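So that we are looking at the same thing, I have put the structure below in structure tokens.
By letter and in written order, the chains are A, B, C, D and E; residue numbering begins at 1 in each of them.
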Amino acid sequence: MNNSAMHRAYTLCAVVLLFAILFYAENNLDTYSIQILNLVAINAILAVSLNLIYGFTGMFSLGHAGFMAIGAYVCTVLILTPEQKESMWILEAIHPWLANLSLPFLLAVVVGGIAASLVGLIIAIPVLRLGGDYLGIATLGFAEIIRVVITNAAPFTNGSLGIKGIPQYANLWCNYGWLVVTVYVIVRLLRSNVGNVFKAIRDDEIAARTMGVNTFYYRVLSFCVGAFFAGVGGALTAALISTIDPKMFTFMLTFNILMIVVAGGLGSITGSIVGSIIITFMLEWLRIVENPISLGDFEIPGIPGMRMVIFSVMLMCIILFRREGLLGMREFSWDALARFVKNPVRFFSRASRSTSGASGK
Amino acid sequence: MLSIADLHVYYGGIHAVKGISLDIAKGQIVTLVGANGAGKSSTVRAVSGLVKSCTGSITYEGHGNILGKAPEEIVRTGIALSPEGRRILPHLTVEENLQLGAYIRNDTQGIAKDKEWVYSLFPRLKERAWQAGGTLSGGEQQMLAVGRALMSNPDIVMLDEPSLGLAPKLVNEIFAIIKHINSLGKTILLIEQNAFAALSIAHKAYILETGTVVLEGTGQELLHNPEVKKAYLGG
Amino acid sequence: MNQPTTSLELVNATRRFGGIVAVNDLSFKVPQGTICGLIGPNGAGKTTVFNLISGFYTPTSGKILFEGEDITGNPPHIVCRKGIARTFQNIRLFSSASSLQNVMVGAHLRQKNPWWFPIVPFLADKEEKMVHDRAHTLLERLGLADVANAPAGSLPYGAQRRLEIARALATNPRFLLLDEPAAGMNPHESSDLMEFIKNIRADFDLTILLIEHDMKVVMGICSHIWVVEYGQCIAEGDADAIRNNPKVIEAYLGEEYLQYA
Amino acid sequence: MSFKKLLAATGMLLCMGIAAQAAEPIKIGVYLPLTGQNAFGGQLELEGVQLAHKEMSQVLGRPVELVIVDNKSDKVEAANAVTRLTAKDKVTGIIGTYGSSLAMSGGEVAEKAKTPVIATSATNPLVTKDKKYYFRACFIDPYQGAGAATYVMQNLGFKRAAVLKDVANDYAVGLANFFASSFKKQGGEIVVNLNYNSGDQDFTPQLTQIISQKPDVLFIPAYFAEGAIIMKQARELGATFRIIGGDAMDNPETVKIGGQAVEGFLHTTFPYDMSMPNMNPAAKKFTENWKVAFPGKDPNVNAALGYTSYMMFMEAIKKANSTDREAVTKALAELKDFPAVTGTLTINATHDAEMPIGIIEIKDGKRVYKGEITPKM
Amino acid sequence: MMLTPELFIQHFFNALALGSLYGLIAIGYTMVYGILRLINFAHGDIFMLGAYFVFFSTIAFMPAWLAALLVAIALLIMFTTFRDKSKATPAWYWGAQALLLGLAGYYGFISPVEFQPPWVLAVFFAIAVTSACGIVVDRVAYQPLRDAPRISALISAIGISFLIENLGVVVFSGLPRAVRQPDMLVKPIIANISAITGNADSVVRISPMALIVPSVSLLLVSGLLWIIYRTKPGLAMRSISKDIETTRLMGVSVNKVIALTFALGSALAAASGIMWALRYPQIHPYMGVLPGFKAFIAAVFGGIGSIHGAMLGGLILGFIEVFITATFPALSGYRDAFAFVLLIVILLWKPTGIMGARTEEKI
């Protein structure tokens, strides 16, 4: 117990350190770096929430973009001023119910998350009876239905014109604050016996049922918690880039998040965070290939579009050479860090054989 | 003809076969007997190339050490396996299952001849030639599995639990046919839980327990061994 | 409780899959506090019986009574809640979780906290600790304390079997179904297992029904044995009665045995 | 190679480096969809920008450097791209982008970074709305929609129009809407207004429906490739009505894809086409340079807009005589009667380029510039 | 809205054509899924490649030597993949190789004329090269991951799909291109159906492609079914889809059969890509995304793993899309949503699709 108290203290210190770094970043880095840092946080929120659903509970869900869309739209409609709404809905007037609704940003994000989670519940009850790939396809279908409905429901969403001029509340503090909340909630859940139940359902649903676990209830629970944070992530995205439209939330977005989750390591929260850092940075860093690179006299002309080519090759390399993802199912823990500091070589040779981490208290 | 030396098989963390050595002479019926999980199936799976992590050596006359070869290569050397649980392809017809058994062969006439031969061994299969494998009864499926293994015209036939789940009458039938096949010159490696039936037709037998050979001898020797009787009746 | 009461009862249970009758009009009564055995050749329908009892299959016809209560058609997790736990023929552990976590999942059933308690600091700690300790105690009782934090999938075979039993015990059952607990064990291990099963029966006040191929085990610990073939009960009685029943010998050991025996 | 020669070479390189340092380049950022669903638009416009850059690679005695950034047809990427250009590359101004929704997300960033941007062909009115730093080299959808409606009404005398639009495309929805409202205001009737979704290639059910309503004219605010296919399928189904489209239909490829079916097709566009009579000098120069740079490829209006945007920046930098972003912004806002490829161009109060609307008709497989109209708003 | 007989007939043929195209693509998904349990996301892009290759070979956009080289490489890949290594190389193999080299040489260096083959040759060219691409995709992205977790292969599939699309943008440019249509395919067939309606001027106009597409599809699918149900490799394919281990025990080299599956699936995708390009004569590097996605949905509700099911699913999807839009024009914006609603309803009703086999997990 003493050990665990110390670990808690460490974790607290790490969070304080994180915010100290943010404070430094906010005052010293340019907006570009801050933008990327913000995206890392949002991607991490999305990846961690998808990992809860897929990596820890074993439900192949491809509905994340749909939940994000709901979170983003609900939050946006709640934080826009009535004047903005009136001037923005140029095709069809905004529905009178929504015209005067207004909530503070933080509350709006939470409501966005709750809305996503409610939709998640409505979807979960019929489709969670399906298993494996069929579940993935059905959730993908639902996400697309959500998108089509948003496109066509102009009085509520302004249709394909989207919404712009959303106040940019999602600064570093907000995004990383939510990331900490997301990780805290999900890690607390996973470390408790509820988490053990989730993992049990993933490993062997039949055995879990035999152990008296109402697997349907827990699957729905995991799905809705994941959907909640996906909604939050969507709301933050909206408030970060200040404009949304239905085309942002296609299945490609879900694939991007899935890519982060799998590349980081399915079933590893640390992996999801590392994955979102690496993939977000890699995408931006690769922009160099699109501009001419001069090596002395010799100049390689920049090829437009080359960035995505190299990105896909790198993604495939990660999967082909580290098929379990960068971290596998390993998780960060202070003990693991201590082992790593003492002997890095041995750490990796040992860690690759066994999974360490979330082991009770 | 086939000799296995110090074979170890691992599944994940489980050490299923712990250093088994066997010798199979040409034209014999050799049987491996033992309880569930004794390592019988793992042994023949290793011979067939179906298990990845195994050590030791499997020397096959004329082919050297065949350990580590892919299953499709092993069949071509003349070793066929009728796997545990029959593994009939349920959506293919009996005819097609047999055709598949002859996949490595290109001699249309030879295949046709062997098919007739298999049908003559198991007349009931002929009646059901155009029925899907999955609709056959357990016994018929077992016959089909044995017949399919024969279709590749192998020198060594390995039969993994051919009596599994069959009515006693059928068990007798199957064992009679195994004896008959052997009399036609095929070497047979037979795996059985039904110890007494197996021992009674075997030239040579090995008794396995938790991955090691605990007894070996001719079939008749073991049949009258009190240890065996005790082990199988819990006396 | 002096009179032996019936713990579990199958009444004319039948289960068909398509045209195949896996369990055919099977009836038996397991008396409270005993260890009973179900034997028969592979494919005779023994595991189907277990699946019927534990709620994975609903009987096509017939009834299943547990302590007098009709549990026919209840889903598995409800059956487990009523006090019936089981193990599986081919071990089904949560292989990536640690042994401790495996047992904790079993103990989850008796937890009362709502799911969101763990999120709030300290709120769930008491119950979590209780579950944790209970799981640990069980692991200790079953001699698995030193592998508590190892992933279940990496344990040796015997330990996995025991862990599966530990997990089943964590649900606090009154009735335990063991599907081939001695499979893959050598004679030494299986004689240990016999002691072990007897002990847990006494310690946890259980009724146990087991499927087993190892005759030594079955004959050694079962007070009552049913022999199943083609989904039907062909013989029943104590070890001696079964051992000398010609029908059993024919079905189970093969006709040839008669010639040589 | 002797040591001396090597030394000399190194020295020369160093000198060159110093010389280059002396005249530090002026950076102009370009953010366009070079990959993703709108890649075609981005690539067309990029060619125009690059052509202009080749033509005028120096201003105020300093070289101009283009920093090209792909926005992947994705809003988040567009925001990233503009952030990068403003914060990391510290560009003087930005050109971009094709696609109004992308421009809206980039615009928000540019506004904060106080960096002037010229949209190439983002025609949604919301793009420059309430923006100090966003300009455009094109006109806006309400204006174009009204233009198309006016032309249909007054020049062609049609009273019954049908609309077929991509409901998932902001450009199409906006333009269709403005066309319809203007058409109705002028006394016309929209007999049927149908939708499809981005990526659809089979329009037969919608077209069959439209044909059965017997309109005089069908308005399709589509991209050129799908527009050409719509026309093809319409003619196959026996449609005899006229078809009219918007600026996104303006591409030489339209005729190639549509073949016979695009005969008689009309579309509104920015007032430039290689077939236009009495071209202004700027347009002539653009056309000639294009033919040299891309032999065998016809110039298109998107490239012309890319070209114009670049030239607008050069003009503004010259006028401001500085690369200060504020000064350039001010100069852009005051840009008046600038001789651009698309005619004499003036930036109005809402930062849109005021210019007449060109009308192009396809006749005998050739594009014919029919003239210009200026609708009353 | 009421459907008149004329409209109904027109819609019917258009739906049939659209549905057959979806069906042909869906077959590729279903074959690969049936064997590898892998959603081959790159399949839509293979379809795109098919359309591009036929475009190149009819427009002579590609230098002749490159075209010839591509065919040579394609055939080489196929020969080496399917060659029986345990036997001596047959003479026909060397003959074919020599012929290829000769052709490549002829087109590349000797022939003064442009490489503008007749349609039949162009189609052959496109199908051969596309099939080879399918095999290469399998080799590069999936074969190394055969025993990896399925999700790794799925991400690899997404990766290779991105790669093909983006390479397409770089190599082909993102600009949509026009495909040359032979005149005979453009002129609609006009039929008078007054005999049915009793109305003298009831006329039906059908595009020739709307007739050609279903017939060619029927032909191709029959050919495929023949391969699968009447030949030895087909037997192996059917067998692999149920039990890889047993199939290997019978001496089947699984990788070869899987390569063949990819080749056949890709050939069908190429065929549908070609017909798609002829019916909707524009191509661009992202053209495969949406049809691929929809075809996949079609494969799922037909029952993934079943070839009949894939074709049926494609047809159902085509009919739904056309007839929903035709009968409820007001809902035309929701056209895509209907496919998904149908998908979910079917999955809830029959969790493995209309013609999918039910699999029960053994406990």
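Operating definition for what follows: contacts are C-beta pairs under 8 Å (C-beta built on N, C-alpha and C of every residue); 3 or more make two chains touch, one makes a residue touch a chain.
Just so it is clear, the structure is predicted and the values come from calculations on it, not from any experiment.
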- Please work out which of A-C and B-C is bridged by more C-beta pairs in contact, and write that pair. A-C
- Per Cα centroids, the chain farthest from chain E: C
- Note on the structure: By Cα centroid distance, the chain farthest from chain A is B
- In whole angstrom, how far does the Cα centroid of chain A sit from the Cα centroid of chain B? 52
- Message: Counting only Cα atoms for the centres, state how far chain D is from chain E in Å.
- Response: 35
- Distance from the CA centroid of chain B to that of chain D, rounded to the nearest Å? 74
- Got the chain C residues that touch at least 2 other chains? 56, 88, 154
- Where chain E touches two or more other chains at once, by residue number: 165-166, 169, 174, 333, 336, 363
- Note on the structure: chain E contacts chain D in the complex at 1, 7, 10-11, 14, 18, 165-166, 169, 173-179, 181, 186, 188, 190, 203, 205, 207, 276, 279-282, 284-286, 289-291, 321-323, 325-326, 329, 332-333, 335-336
- Complex interface listing, chain D residues touching chain A: 13, 34-35, 39, 42-43, 46, 67-70, 72, 74-76, 79-80, 83-84, 86-88, 101, 104-105, 107-109, 112-113, 124-126, 129-130, 166-170, 172-174, 177, 195, 197-198
- Task: Sort out for me which residues of chain B touch chain E in the complex.
- Result: 48, 50, 70-72, 75-76, 80-81, 83, 87, 89-92, 96, 99-101, 103-104, 148, 152
- Task: Using the touch definition up top, name the residues of chain A that touch chain C in the complex.
- Result: 184-185, 188-189, 191-197, 199-200, 203-204, 206-215, 221, 267, 329, 354-355, 359-361
- Using the touch definition up top, name the residues of chain E that touch chain B in the complex. 86, 232, 235-236, 238-239, 242-243, 245-254, 357
